[in-house]
Amino acid sequence: MIRVAWLVAVKDLRIEARSRVLLWQVLPFGVIALLLAGLALGPAQAGTSSAGPGLFYLVTLFVTLLMINRSQSLENAPGTRASVATLGLDPAGVFLGKALALTVELWVSGLVLLGGSVLLLHTALTGTLEALPSILVTLATLASAGTLYGALTQGGDGPATLLPVLTLPAFAPLLIAGERSFSAALHGGALWEWWVVVVVALVAYCAVGILLYGVLEES
Amino acid sequence: MMKVTQRLLGPVTLLLLALTFWMGLWVTPPDKVQGNLVRLLYVHPPIAWVALYVSFGTATIASCLYLWRRTRSDAMDRIAHCAMEISVVFIVLTLVTGSIWGRPTWGVWWAWDARLTSTAILGVFALAYLALRRANDDPTVRARRSAVFAILTAINVPIIHFSVVWWKTLHQGASVLTSTGQLNVHGSMLWTMLIGFVGFTLLFFWLLRERYRLEVSRDARVRTRVDEALATRRSEGA
Amino acid sequence: MLSRGFPLLSGVDLEVQRATLTVVTGPNGAGKTSLLRLLGGLDPLHSGDGVVAGVDLRDGDRRLLRRRVGWLGHEGSFYADLSVRENLVFAARALERPVGEVDGALSRVGLEHRSHTTTKQLSAGQRRRLGLAWLLVRRPELWLLDEPYASLDDAGREFFDGLLGEVLAGGATVVVSAHDPLRAANLVARTVRMVGGRVSA
Amino acid sequence: MIRVAWLVAVKDLRIEARSRVLLWQVLPFGVIALLLAGLALGPAQAGTSSAGPGLFYLVTLFVTLLMINRSQSLENAPGTRASVATLGLDPAGVFLGKALALTVELWVSGLVLLGGSVLLLHTALTGTLEALPSILVTLATLASAGTLYGALTQGGDGPATLLPVLTLPAFAPLLIAGERSFSAALHGGALWEWWVVVVVALVAYCAVGILLYGVLEES
Amino acid sequence: MLSRGFPLLSGVDLEVQRATLTVVTGPNGAGKTSLLRLLGGLDPLHSGDGVVAGVDLRDGDRRLLRRRVGWLGHEGSFYADLSVRENLVFAARALERPVGEVDGALSRVGLEHRSHTTTKQLSAGQRRRLGLAWLLVRRPELWLLDEPYASLDDAGREFFDGLLGEVLAGGATVVVSAHDPLRAANLVARTVRMVGGRVSA
């Protein structure tokens, strides 16, 4: 399982390094979305750092959706699916590998976006650093949940088209938890409850992924 | 004539810039309110002028000339590309000098001010232009797409301008020449600014020329690589 | 047998002997590709029964089957952003085969001078050849080849015929769908003709 | 030109009606993103209708990007491009047709999202209705600009993820103008200036599209 | 002649007579597809000269050329979400041809019973047939066919050979790339062999 996970993660990251989609395409999008979000809310609200965490996670959500799409479309080029299916890769390993690659990519974009929100939205630097561990865990959770839902939404000929709708409600609690713990780090307040939510979700999604990814791939 | 101008471009640029710095730092007086900070006046506005108008203007004109069948040439594409690259540098310099100025005067490095935001957006345009170039391998496709993109950017410059004009702004308005046409700065300051404007504009063209030459020699290198590839290609299957 | 909510195949009654070459022919739309995909466990079987390589197509673990199958389809492309060689190395690693085999496979199919080209830049025939190289690395027990001659040049077809003999001698089973008669006619153990989703002869 | 525009628009809308991408995939995303945006900002700010216009346009932006992507990927299926190229369609007509279809789709999603923001973000209904004309014009402008930018990113090796980077700086002023006039409709204030910006942009993009779409298609 | 930053073709010196059939052969990766795309104005020409149907490939308006060209490629698919018939009607409308011709074309290529199937559900050969129907509606002056036999069954190939004769008699020019020798050998006016981006004979 670990071997397959490593193989898949390296492959995904290599394709990313080759095509530079994250670097040239998704990241600038995130930064500009942050800028626009600041503008859309107007100078009055954007200036107050209270909007920072919310906007950061909103933009992260968009970036995550783009990256999930990209991560799944790699597997769906015509012909690729059949060829790779005959390798009979361990689905748990595929899940972990894809989630790992997505986590790494989200971490990179998360760091850039945090930098952006410190510079553009005047989020306090020390609070941001304090919130960093919780943010990284939240992003990892989004990545593993995203990999699962991504697999659900692929091959969309049949009734599977309805499934993307499920992604966002699943992300909602994660985003809220992430936003609350980020806010708590900025303004003081109880942190650990949100940590529990996110860590439990991470473990749960990984467990479900390891157990059920095979069922999804099968379809 | 052309040759002489060509040869003189570098030295004249250096001379004017040196003159700007000398006059800016030693000849002109400090401001009553701003003190020595006012000396940024000789650097920041000229750099901003080059970043926005000179370089974007050059890139847009070159792109239009590329798209017009009669004047289409690789040179135009190259000029647009180089101008846009230099524009990135100048926009960054604008932001940096502006921030340095803003910190003591407004108390923040960055604010959601119309002018600052629109400058940043233009910077993103320039970066997007470079990203678009990277994303296309075929030289013809790349040239056409980036030319159209440059023109779309040009449309946006006035739109950005107008969409922020009505927005209350922190940034300096037209302060050198007031609407009554009256000069409200000290004589030596005005001269320094003027020399600065000319100096930085020449600096742009000098950089453009050097960058252009670099690009030409790189294209030549690419061509030799293509020739090599051609040789292997011809030997394929033979 | 049903598939994808549309009766693709029905009345297919087929038995394939181990270590033989079976050719499936038939007019366009007869269901050849669908049959091959079914045999390889790539599509689910909705009704009827089938057992391939000991795996029940309806209730068995089709993944076990797929591991033993090699597939060359109409669109035999791989990860488009990886180079020819990287794709093969991925397959070799996934199957825990020595990576050294990759270069041998590449030169056998005549792609050694294209090994660093990204897959999406290949010509149609080169893509087919990459598919063959992938199968060489895979060395499956059951080879399912959908119109293997398509896009291949003469040298490629000759190589393919040689490969077929080698594979059969090695004890693997081959099912080929084809419109042209195979040139290596002496290898063909059985020709199955499909029409309208049924085996007609 | 008009004939070709009509042909292309009908074709695009028919494909949309067939595949239901807008209905089942993009719209639910939009509504849930609105919900999440409300949540991310916290009840305090979301409740105040002041955030409504900003969030509406932020989500609209995201929906627009997805739809542009979809609109261009229709033309980019393997083989489609070459076959359609040999029809020698008038590029100005193709541009107008695609922009028209995109406009209709954005109008549909805009209406749904407006409904969502009235229900979820408590945006005032009367003000929203007043703002409707300006919103429809803004969406049409986004559609025509988007069609142009979509053609810029089409085909290339990288997937259309480059699109956001190219469009966002151009969309920024449109979104600001749209947001301001929406806010003005809600809270009173000068409207016509923002109208001018949007209408000028619409005309400019259409003109550029009619003149230059051929250059892009050529490549 | 260069294309896509890679020397795809070089040293191609080719003249094609009006109303004749030229066959381009050569090993995989020789540049046949690239040559055909170039002739159809689908790819730009970077150096060298070429005039097709009176249009200069380098400076002329390639759109004028494309309007007169019919193309059948390795991946001859159309709008995947439209039905077979809708795709053809779109073409007919775009060319201001009577829509009535569509049904004739459909039954000639034997797809009349599939006319309401979405294109993405077609089998490989049915997709080729749709490509031929599209050309029948188009009736171009210059037919560029990349491996027309691929995926076609026997009846399809026979139909194709008949079509070739008809097209040539109608005064159109045909350039075909092929690995198999065409069965209608009597129609072939010239065979061009390409190797490594060059015309070798």
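We just call them A, B, C, D and E in the order they show up, numbering each chain from 1.
Quick note on the criterion: a contact is a pair of C-beta atoms (placed from the backbone, for glycine too) under 8 Å apart; a residue touches a chain by one contact, two chains touch by 3 or more.
Here the structure is a predicted model, which means the values were calculated and not measured.
With steps allowed only between chains in touch, the distance from chain A over to chain E comes to 2. Counting C-beta pairs in contact across B-E and across A-B gives the higher total for B-E.
Chain centres computed from CA atoms place C at the largest separation from chain D.
Seen from the Cα centre of chain E, the chain whose own Cα centre is farthest off is B. Between chain C and chain D, the centres computed from C-alpha atoms are 44 Å apart. The mean-CA centres of chain C and chain E are about 28 angstrom from one another, to the nearest whole unit.
Centres computed as Cα averages put chain B at a distance of 31 Å from chain D.
If each chain is reduced to the centroid of its CA atoms, chain D and chain E end up 37 Å from each other.
Looking at chain E, one finds that residues 6, 26-27, 29, 44, 74-75 touch two or more other chains. Multi-chain contact residues of chain B (touching two or more other chains): 121, 124, 127-128, 131, 135, 137-138, 140-141, 236.
Listed for chain D are residues 78, 157-158, 162, 165, 168-169, 172, 176, 218-219, each touching two or more other chains. If you check the complex, the residues on chain B that touch chain D are 67, 121-122, 124-125, 127-128, 131-132, 135-138, 140-141, 144-145, 147-149, 151-153, 155-156, 159-160, 162-163, 166. Chain B contributes residues 137-141, 226, 229-230, 233-238 to its touches with chain E in the complex.
Contact residues on chain B toward chain A in their complex (touch as defined above): 108-113, 117, 120-121, 124, 127-128, 131, 134-135. Put simply, chain A touches chain C in their complex at residues 4, 7, 11, 14-15, 18-19, 74, 77-80, 82-89, 91, 157-158, 214, 218. Every residue of chain D that touches chain A in the complex is listed here, in rising order: 20, 24-25, 28-29, 32-33, 35-37, 39-42, 45, 51, 53-55, 57-58, 61-62, 78, 157-159, 161-165, 168-169, 171-172, 175-176, 179.
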